[in-house]
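Following are the structures in question.
In what comes next, subunit A is part of two complexes: it sits with subunit B in the first one and with subunit C in the second one.
Our next item is the complex of A and B:
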């Protein structure tokens, strides 16, 4: 299945008031959730001295940089510079903001303004994101599909594999049927580990 | 109780962190590990023939393994940190302590290689560390499916404290933690524990620190400083 949206994380891995690293294409992302639950994906570079904003901290509806504490609001604009508390930061100090949606427990990001909504994966929930040291092509080959959303079998279970290029490697976001019990989820997690071992062994063979 | 200690050593930090979380009194005796190689001095080798730090002494007891020190501190101050007193849980904790030494010899050795020109084949060390980090990630994700986050049950134990430092410092050895969402959330919980202390490269959860304000004016600080401090 093709879409303009890239799956970058599972929602349950980014709890309220936290930031996490991700990427889209060659761009490093800071994916963060505000205290009210709003999700956002920004360029992972603080406009001040380039510190990674994904290492930053969230207070209320703002993301702050751990280096010198500059804090940025919803629109990516700098709202506060602690060393100059009386200064209103100029409009020009701004973090690039990406289009970001949350659907079916997945965080989707796009470059530009995509026309449609992210894919609807109703009936599934996020299980795990796994990093695989092999290009996406190697994973698509194993699953025999194309595009970032693959409906495949893992053992006896029909799952959804969201395949994301992560540099020249891959992030696999695995979705399990909502009806799965704990033992099945554990078995799926083990199966995903085994799959990764096989893909990497083949990629280096 | 005396800890023969080196500020930049993750294995020493394990023990400092555990003591702080327990509120245990301990005297730190700094060892000039780098560049002085004081851990190999005759006095230190007499304490620990293996030539490693940390070493913990308490009266006539000498401990030479950091995970044994964690057990000793927890047993003496708050046995809840040893994990639930069942055969399965005690074995699970023991297994994580052994696992933490796999982290020492992989992620820790990769960091020593990159920061202190330590020995070893860096690709082999990073590969071994990646396998260990993946194992940890899988285990924490399994705990999260059960509504938990710590390694051995619903509360933190010495298992978490043994594993935490080498994981948190893995990026120093060229091992980014970006691919490990469950490890990241687990580290957040540890960094937020009451009594948590920092070491260079490992910080208390920033959300819990006071909002940064303006930098103190250095000139002013200088003129008001007690002149005796400059002596």
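Our next item is the complex of A and C:
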């Protein structure tokens, strides 16, 4: 499946009024959700002193850097510099903002102007994200296919694996059928961890 | 990477009280060194057991991997009667040694990183202060720095506006002078001595000379360690890891004048180990 969109996180891992790190290609991302629930993905770097914004805090509709409290609005523009409370920050102080959409419980990000909507994965919901210390090739081998959106079996259950390849590391965002009960979700979660252990053991063998 | 002019500067490599007969291996500017007792006296060797110059001052063992271009900087307050000298110990940080010093020179982060200790909202404003290079000693000095602090020191009760002076006396060493809560006419001295292990890894050795007769040594050390561990959470998460010396990569404001002067001074002196010279 070809798409301009990259799966960077599961929606339920970015609660309201919080920020978390992610990646697209070589770019570190701050993925954050405002008090009203709006999701966003920005370059993970405060332009002031380079501090990761994913360590920052959310108040209302703004993300603030944890280092000096510089706060940024929806468009990535700096709105406030606490060291100079009377100053209106210049327009030029701006965090690069990426296109970001949520669909089927997945946070999708794109560089530039993406064509079309993120993939429709109706009938599935986010299970968990796993960081795997192995190249994506090793994972493709286990699953018998490659690409960013894989429909595969985890034990007896048909799941979707969203794959982010980072050289010798991989991020997997696993999705389970909406119909799964809690016991099945627990079993899938265990199976996913076992899968990670096996792949990492193979990779270092 | 170029060690350049930093090779001929002085660096802390351990507490005098911590040196043993067996010795300890460490790194300085990326090269292996060894610190040990030689006939009861601290000694330092570089690669191939080459002896390095040693100074014993301010509770620490100092060495220089090249040829020192100047004597070890003076902190006259170290010899003043009535001060308690505190060896805080070591904190290893995965960051550029220059970023560690720059953070030490910064007051605007107090309310956000040292919340309710060295600063608190809404008291976030940094008022105008003075910065310059003292050409006679080739040091960066910032004076007339003021900041409101809820608990400025272990001995402070309640919030006060604290006066500060900052001094960069070597590329990886800085000394700050701040209002002493029990002796308002005097300055407490807090120093940050940074040992550059590599360009992105350092051992930080804070040291203090305080007017505080009440707090236990343990409490004084814990207070300073708490502050520095809070700083570490920032220092290990700055991008890029190296300190950018050319403008363009980062945006300073008036509150950052000390850092601007420090970066210029580093560049002018060729102190670029741990720095990034061209905006990426």
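Points worth noting:
In the analysis below, the second predicted complex is superposed on the first by the 202 of 205 C-alpha atoms of A that agree within 3 Å, B and C clash if a C-alpha of one lies under 4 Å from a C-alpha of the other, contacts with A are read in each partner's own complex, and residues count from 1 in each chain.
Definition applied: a contact is a pair of C-beta atoms (placed from the backbone, for glycine too) under 8 Å apart; a residue touches a chain by one contact, two chains touch by 3 or more.
Bear in mind that the values here come from a model prediction, so they are computed numbers and not experimental data.
When both complexes are overlaid on chain A, the residue A:182 reaches subunit B alone and has no touch with subunit C.
Of the two partner chains placed by the overlay, only subunit C lies in contact with A:67; subunit B stays clear of it. Once chain A of one complex is fitted onto chain A of the other, the partner contacts of A:15 are limited to subunit B, with no touch recorded for subunit C. Contact with both subunit B and subunit C is seen for A:82 once the two complexes are overlaid on the shared chain.
When subunit A is checked against subunit B and against subunit C, the one touching more of its residues turns out to be B.
Of the two partner chains placed by superposition, only subunit B is touched by A:128; subunit C is not.
When the two complexes are overlaid on their common chain A, residue A:49 makes contact with subunit C while staying clear of subunit B.
Looking at the shared chain after the overlay, A:59 reaches subunit B, while subunit C stays out of its contact range.
Under the contact criterion defined above, the residues of subunit A that touch both subunit B in one complex and subunit C in the other are 66, 68-69, 82-85. Across the complex, subunit A is touched by residues 134, 138, 141-142, 144-146, 178-182, 184-185, 188, 203, 205-207, 211-215 of subunit B. Contacts from subunit C toward subunit A in the complex involve residues 108-109, 111-113, 121-122, 124-126, 233-234, 237-240, 244, 249-255. Considering their complex, residues 28, 44-45, 47-52, 55, 65-69, 81-85, 87, 93 of subunit A touch subunit C. Contact residues of subunit A toward subunit B in the complex are 9-10, 12-13, 15, 17-18, 20-22, 56-59, 64, 66, 68-69, 82-85, 128-131, 166, 171, 182, 185-186, 189, 193.
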